[in-house]
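Look for chain A in each of the two complexes below; its partner is chain B in the first and chain C in the second.
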Partner chain A sequence: MRDRLFIIIAGAVVGLLAVVLVLQGNPVNMGFCIACFIRDIAGGLGLHRAGVVQYIRPEIIGLIIGAFVTAFYVKEFKSTGGSSPVLRFALGMLMMAGALIFLGCPLRMVLRLAGGDWNALVALPGYVLGVWFGTLFLKKGFTLGRSQELTPVSGYAGPFVAVVLLILLVAAPAFIFFSEEGPGSMGAPLILTLGAGLLVGILAQRTRLCTMGAIRDIILFKDFHLFYGFAAIFIVALIGNLLTGYFNPGFEGQPVAHISSLWNFSGMTVVGLAAVLAGGCPMRQLILTGEGQSDALITVFGMMAGAAFMHNFGLAGSPAGVSPAGQWIVLISLVILAVIGFGNSKVLSGNK
Partner chain B sequence: MVYSCYITFPTTYFAIRAESILKNEDFVFKMVPVPRSISSSCGTALRCQCEEITRIKDTLIQNDLELEGFYRLKEEGLRTPTVEELDLNE
Partner chain C sequence: MPETVDCRGLSCPEPVLQARQALEQVSGGTVTVIVSNAVARDNVSRAARSMGWQVAVEEEGDDYKLSINK
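Up next is the complex of A and B:
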């Protein structure tokens, strides 16, 4: 009862903030998008040179620091790691690859849906399918291995990276890139975006809000707890968009979106499967990073590398659609995910 | 005031297996997310009646399942639940 109330509140706050951030300058249907924002950070650091998506997004910094401060305060900060780091890095890359085919992480999928972007309605069943594939591996004993307790230095690495990013953002030295046009040039004022990130970081740490867990728990145990948070994001964002005139139903002409249904669907299948195997959606990885989990930080680094990879080689989707090379990436990602899934499932691999 | 008992697992795999094993027994139980007051991690726990937790534990261990922890929670409406870790090891 208590937990359920809190997760609904957390979801509602995320939905509300997403609408406010768009009103204050964030790209439409992108009040929050973890994958897009990590991609923008990769661009801001010059890891890719897609000029329209380069900006060190304060929301991401806020999420990590918010989760860190909360976890530290309630004594849940624990430095752990060492569970299949290379595979987690790869899962982060693949999660980002799928998200940049669809043009959004699961959180933005919900926000796009709440903005009337029906392409997200096509992507949602793809995401559910990906999570369902993931649960098949879980049922066969999939695990990346237990993490171990590490020295505090490892745990502080995530929050440290967040602080460094904040310094780079504020100091804005010449080697940091800031988009002058496109989505990367659009952002609400720093105080708002950083504050929104901090608040969501706190709430998500307290409630374990996770867009992958929401679907996974329904499939595995018919448990709707995390789904209540997921649904609250949608409902509040939908109401907010209706009230502010940002609800524009349709497939075509949607902001930062394309209409290739097959790739919207399958891109999110990649994200769903990768998120189950990595143990959390992109947002959850940031929260776990704040709690001191090096495994999650490695996944976040994987996402940054994935973003650089997708943009440097012209693989990411764009309003024009998905290039043939990008389409191949979806197929290759699914094959790699299957290999990781089979190889780490006790029953399937014969490993103990 | 309601008391519930919880068993946690090292991985989701063991939670899934626990459910399939206990389905064939006449225990009252439900698979739920690990209560927030027990852990900040996002695993799955088994909620059961406290009178049955020892017998459930024995059944699961007989089936070679790995279990992580045992807890009793006092849940009162919107108040923070009181968590008591149980020591069920002989």
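Up next is the complex of A and C:
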């Protein structure tokens, strides 16, 4: 009961902070979007040159450091890794690919829904379908293999990367790109974004909040524990948007969104399936990175590479829709996910 | 007959799936599950309790030994 209350509070805090961050300058319905923010960081580092989405997002830094400090304090920090790193990198790329077709990670999908963006209502069943596909593989014994305990150096790599990003953000050397227009130029003040990231990092580490686990555990175990957090994010963000005038129901003209329902749906199917196979949604990967898991850090690097790939080759969705090449990416992603899924299930791989 | 499920190095939900499978195969007794992270410890405990089993957790080096009884 105490656990349930705690995860509801954590979800409520995420929903509330998301509304506050938008009021203070973040793009609309983007108080938090882990995929978008990692994409912005990839742009800030010059890995892609989409001029409107380049920024070292402090929320990401805060999430990793908040989870790290908390895990360290409660003695859950443990340096582990070595479980199918290449496949995890690929799953990170695919998760980002799907998110950039829809224009948002699962967390932003919930926030878009709370802002009245009905395109997210189309994406939600797509996401659930992807997670359901993933659970079929899990029932067939899907595994990426056991992780090993590693030297502390590996475990500290994630928090170290976060600190380096913070230095680059504050020092703002000339070689770091900062958007001058578009969503990448919009952000709440540093103290708020970093603070929000830290607070959510702490809460998510303690509660294991995960937007994929919320759906997966219902399908697999009829366990609604994580779903309470997921629902709390939605309800609080919805109330917040209604109170602040940011609830604008409709399909058309939504901020950083497009109305191609097929691709909104299938993009999130890719994200859902990839997240199940990778063992966590984009936000959860950041938290695990803070806990010392190299397997999660490599997934985050995969997401950065995926963002660069999607923008460098003009594959990402935009308010104009999804290009034919982007549509092919959805199909190719599903095929690769099926190969990873079958190839690591008991049926084909001989896993025991 | 006591049974041991070794879930070291595995991340959720795999430990939960394996533990549930083991628990569903027996009607009672003791099933031991070894996990190596706190998330798996909590999730397996919660799953076992929801299935009507009692759980005792012991730290064993860097791992956790869960003795699940009914």
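For this structure, a couple of remarks:
Quick note on the criterion: the second predicted complex is superposed on the first by the 347 of 352 C-alpha atoms of A that agree within 3 Å, B and C clash if a C-alpha of one lies under 4 Å from a C-alpha of the other, contacts with A are read in each partner's own complex, and residues count from 1 in each chain.
Operating definition for what follows: a residue touches a chain if its C-beta (ideal position, glycine included) is under 8 Å from a C-beta of that chain, and two chains touch if they have at least 3 such contacts.
Values in this document were obtained by computation on a predicted structure and should not be read as measured data.
When the two structures are aligned on the shared chain, A:Glu149 is found in touch with chain C, with no touch to chain B. A simple residue count on chain A separates chain B from chain C, and the partner touching more is B.
Shared-chain residue A:Gly279: touches chain B and chain C both.
By the document's definition of touching, neither partner reaches A:Gln54: not chain B, not chain C.
Contacts of A:Asp217 after superposition on the shared chain: both chain B and chain C are touched. Once the two complexes are laid over each other on the shared chain, residue contacts for A:Ser79 go to neither chain B nor chain C. When the two structures are aligned on the shared chain, A:Thr207 is found in touch with chain B, with no touch to chain C. Shared-chain residue A:Ser179: touches no atom of chain B or chain C.
Looking at the shared chain after the overlay, A:Leu5 reaches chain B, while chain C stays out of its contact range.
Legend: residue contacts after superposition of the two complexes on their common chain; A:Thr289 is shown touching neither chain B nor chain C.
In the superposition on chain A, chain A positions 3, 76, 138-139, 143, 146, 208, 213, 217, 220-221, 223, 225, 279 are in contact with chain B in one complex as well as with chain C in the other. Residues 8-14, 16-17, 20, 36-39, 42-43, 46-47, 50, 62 of chain C touch chain A in their complex.
For chain B in complex with chain A, the touching residues are 10-13, 16, 19, 31-33, 35-36, 40, 42, 44, 75, 77-81. Interface of chain A with chain B (complex): residues 1-3, 5-6, 71, 76, 138-143, 146, 205-208, 210, 213, 217, 220-221, 223, 225-226, 279-280, 284, 291, 346. By the touch criterion stated above, chain A contacts chain C in their complex at residues 3, 74, 76, 78, 80, 83, 138-139, 143, 145-149, 208, 213, 216-217, 220-221, 223, 225, 279, 295.
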